[in-house]
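Got a structure here, written out as structure tokens. Questions coming.
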């Protein structure tokens, strides 16, 4: 059931959140935590479906609302997870919360998501910088769930320092699987670091996926995109096969408040994931 | 949730800011319930020196005041400056325009040496101020909002856009249309545009926004027959202590 | 559409009946320069002979500057519910471009997701249109908005001794039948109406060359100097947005009472011209410069919705031009873009 | 029983502003008694110099947030006098109306929030919320009514915007006038209830005859306009205040002391009552009787009661004013009078809640202030407070130190001294004997 149907069925408006509980809080790094969230209402819980790349609007009552990408595997139906960096009012309130606290959720939102169906039978290259790994997690988890449907898979992930690498356990597990290649890189290594050093864009030239048989997804801080795209273009990847997830200020998530307006599109309803062809037409996007 | 201990302190000012707290009427009882007032000379006799939040009214104009505000700065975890006098120095700063000696002489004549009076400064000249409830008088709902934000743990939202936005939300006819000049386009909102609401030009009592287009405004005001001095006088009414920053922006 | 005529002799009684039967919003003189659409209790307050209003009437009613969206009570269980205000109102005397502005908002608030807070008020609003004098900055004929072809229930056009009445909805027809008497319009009436409209269109002094803007705008988009010059005096004050009949940006705020139990979400008009608009958590600002923001506004007004709805998000009312103390003029700038591209 | 006593109360709480009180008693003799005001000087007279005619009212309003309407009106009146501006009758009526309600809100604040806790034996209004919620609720309701009146007419409750030299920048609407009348009528039950409560209070017995000065008018219980009148039998035009009211810096004391016929005089609600009691509305007169307030009254503590009676009077009189204004119809054309800035001197005298308030401006021919002098009520009461205190302390020396301290504080509070008005109070130099 989509968000809109649900709104209609409950005779609600698009601005009313559903009540959910934080059932588990996992510590990832000094600034990031993962929150496992379960809806109070059984029916809502059962019917909540999302696609990798979509996001929800989370309300901390008394403080406000903010958008967060879903990081869990869409095939999990009982719960979903968010990975949240402590940067401001709402995120810091979440970081202070204990398990069991109630919050409000609207969504899932975003008509632009990672096209995991189209990607089937192709190679997939996933490029993440910093917290950008969060929206990609859902996709990676989905792909690994249906691993045999996809060809080669590679994750390129850059972080500031070894301590800020997120989802370490899971990354460890990927590297043990052997059916997914991994390139990790940090800007500021410590003396134990044995992997790559420098920005993750440097790793792209080494990718040897054929340009006409590869889907690419990118998510990271705003400054990263331009460099990544330059590198990808050098390798002649097709713009319509390169997917980027954008961040903008959002007050509503449903295409009304207009804060995420770029070019002639809205990030919340037309995105947040766009392919490079679309982004080219959005002048201000990068 | 623990009730925060709050002290309300007055320095050189008119007491209007503290009165605005008492003027909360509908919300006063809730407020007194949500916080523990441990110091408030306008209202209560008892006072204590342990508090987490200090609401400070008034500018610092005496040596004794400097000592007091520093002491408050050492005790309070959070300092909220309330009112123009505390935030920008407010009207009190007009005194600085004369120089302290001249001002003393004008009022006290040959007795001027009795007076403990130094250059007027806003409180952030002496202590770190966390939040500013601007305006003369401050908006009492903003004071509540700051306190409430501190209780629930968020940063209070203090507008950094011009008064014109609120003025338009209120559907006012722009006073320039009526031949009255206004500081609204460069002044910080948050007062609910109360002066234009009363068909009176904004006087910038909440200070200017972070990036005011001063040049455009000088051009506009001079079209309305104001001289550079008039314009500076307008800027200075509540911002003489911060006046330099305004002039500096000028090319 | 039904075409009728209403005799001037019965007009006042008709309006009086509406005032006594409905919550009646109409133009009233506010001060020497403006009118405002307010609740009218007596016909003596009504002054349809108006020229300027700061806030567009339909926006004021349907999308008010502050509006509660949600109410909640915290406790063991959290109780959340929507707050939707809707009461039957008559909006009387709104002009054609403001009706077209409302038509835009109607479409906007029902696209992608339906905004009940807007639309439930819209559904209960009875719209009776009437022409008003254009200001000097009005360029609505260039946009095609000086004439309303839908969006109203009844549209009254004042001819010599009668009103030419266009009835667009059954509701409009019902009201006329119930509260007054109208006759079918005959050829004579149409002739006079046509003449009136020709004259009316002559009153608009400003015109813009909008035809090629769609492509011209893109070609000049990266010309930094051009935009810097245009935006030089901008105060980033947002007045242009807030007075616009089609601007719809808003912020949502959470507001909890001091008892920390009862709270609400409210929305409040925002402006794309202020720096905070493009600011995201962490401090990155996607549009730090005023020229970027001005470009964004022009794009939104004049291009984005051509793709989406096939119409401009501008009706040419000229309010933003009058509101702008920096004298930034959308009409001149449209022409300037054309000029800059053609040299 | 105190032979030697050393009382120091600093800061003196629940007076609006800051004051300190120092009493030294040695061998049952008062050696030193000092009520001092360490409030920093504000230099308003200096700030005004060079200002345009439309600015003094906004600037002097900031002398005191609690009586900002009074300062605004005194300032406007001085400017209007100096430049020969003639405000319309409508303007004057609206000014009287806004004026009433600053007085009401200030009196409510004082009677219920600041003084009442003493009578109920609690430290402040906060415990009063628990012990006497009905008192607090009445106070909040009446105060809100008065503040809302000031908000409607003046644009905001503190430092009004719409009241300017010449008239009003914006008039209230007819609907607002009607609403105000309803608000006024709705507060009678609270006044009745207050009467019952006040009747139960025990007002300390104390008497000291002094001179009482206020403004006075033939038809009104004067607050906004009138001659200056004294219980010592003289009456002068307000422009000539200098004929009677003298100001001097007293070396041994702390502020400019004022005197008229004798060495000290009192201003404020009690002074107004003593001079003008026959102009109270019949309803307010009824309240005076019920509360045992009879003119002339020499008990300073009764000032609190006089303040309450004024609340009743203001409510009655406001309804009358509103009826009159509505009957005449609000006229935008009469909102502002013509102004031709020019040279001249003018004096504006009003009754601030705490008593007589005088603004005296001289403008130069460019219409800018050349010289300004302001005399504020607390300054006038200063000498009288010390005199009262002497009289009171010597009669209660046999009480405990705490009781003496409380009695003194209550006496000072009875004056409702608004010390933030210290336009020119000197800081005390302690004199070591």
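Every chain is named by a letter (A, B, C and D) in the order it is written, and numbering of its residues begins at 1.
Here, contacts are C-beta pairs under 8 Å (C-beta built on N, C-alpha and C of every residue); 3 or more make two chains touch, one makes a residue touch a chain.
All values derive from a computational prediction rather than experimental measurement.
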**Study point:** Of B-D and B-C, pair with higher C-beta contact tally
**Key:** B-D
Review point. Taking each chain's centre as the average of its Cα atoms, which chain lies closest to the overall Cα centroid?
Key: B
Practice item. Express in whole angstrom the distance between the two chain centres, defined as the mean CA positions of chain B and chain C. Key: 37
Practice item. State, to the nearest whole Å, the distance from the C-alpha centre of chain A to the C-alpha centre of chain D. Key: 65
Exercise for review: Could you please state the distance in Å, as a whole number, between where the Cα atoms of chain B are centred and where those of chain D are centred?
Suggested key: 25
Practice item. Averaging only over C-alpha atoms, locate the centres of chain A and chain C and give their separation in whole Å. Key: 38
Point to revise | Sequence positions of chain A contacting 2 or more other chains | key: 62-64, 88
Review point. What parts of chain C, by residue number, touch at least two of the other chains?
Key: 253, 256, 260
Check your understanding: When you check chain D against every other chain, which residues touch at least two of them?
Key -> none
Review point. Taking all chains into account, which pairs touch?
Key: A-B, A-C, B-C, B-D
Point to revise | chain C-touching residues of chain A, taken from the complex the two chains share | key: 4, 7, 12-17, 19, 59-66, 87-88, 91, 102, 104, 221-222, 247-249, 251-252, 254-259, 261-264, 269, 283-284
Study note, to complete from the structure: As the complex stands, chain B meets chain C at residues 1, 27, 30-31, 33-34, 144, 147-148, 151-152, 157, 160-162, 164-165, 167-174, 176-178, 184-186, 199, 210-213, 215-217, 219-220
**Study point:** For the chain C and chain A complex, residues of the former touching the latter
**Key:** 69-70, 72, 74, 77-78, 80-82, 84, 108-109, 111-117, 218, 221, 248-254, 256, 260, 263, 265, 267, 270, 272, 277-282, 284, 286-287, 292, 296, 299-300, 303-304, 307-308
Check your understanding: In their complex, what parts of chain C are in touch with chain B?
Key -> 30-34, 36, 54-55, 60, 65-66, 232-239, 242-243, 253, 256-260, 268-269, 271, 274-276, 323, 325-326
**Study point:** List of chain B residues in touch with chain D within their complex
**Key:** 10-20, 22-23, 25-26, 28-29, 32, 37, 41-47, 61-62, 64-65, 90-92, 94-95, 98, 102-104, 106-108, 111, 114-117, 136-137, 194-195, 197-200, 203, 237
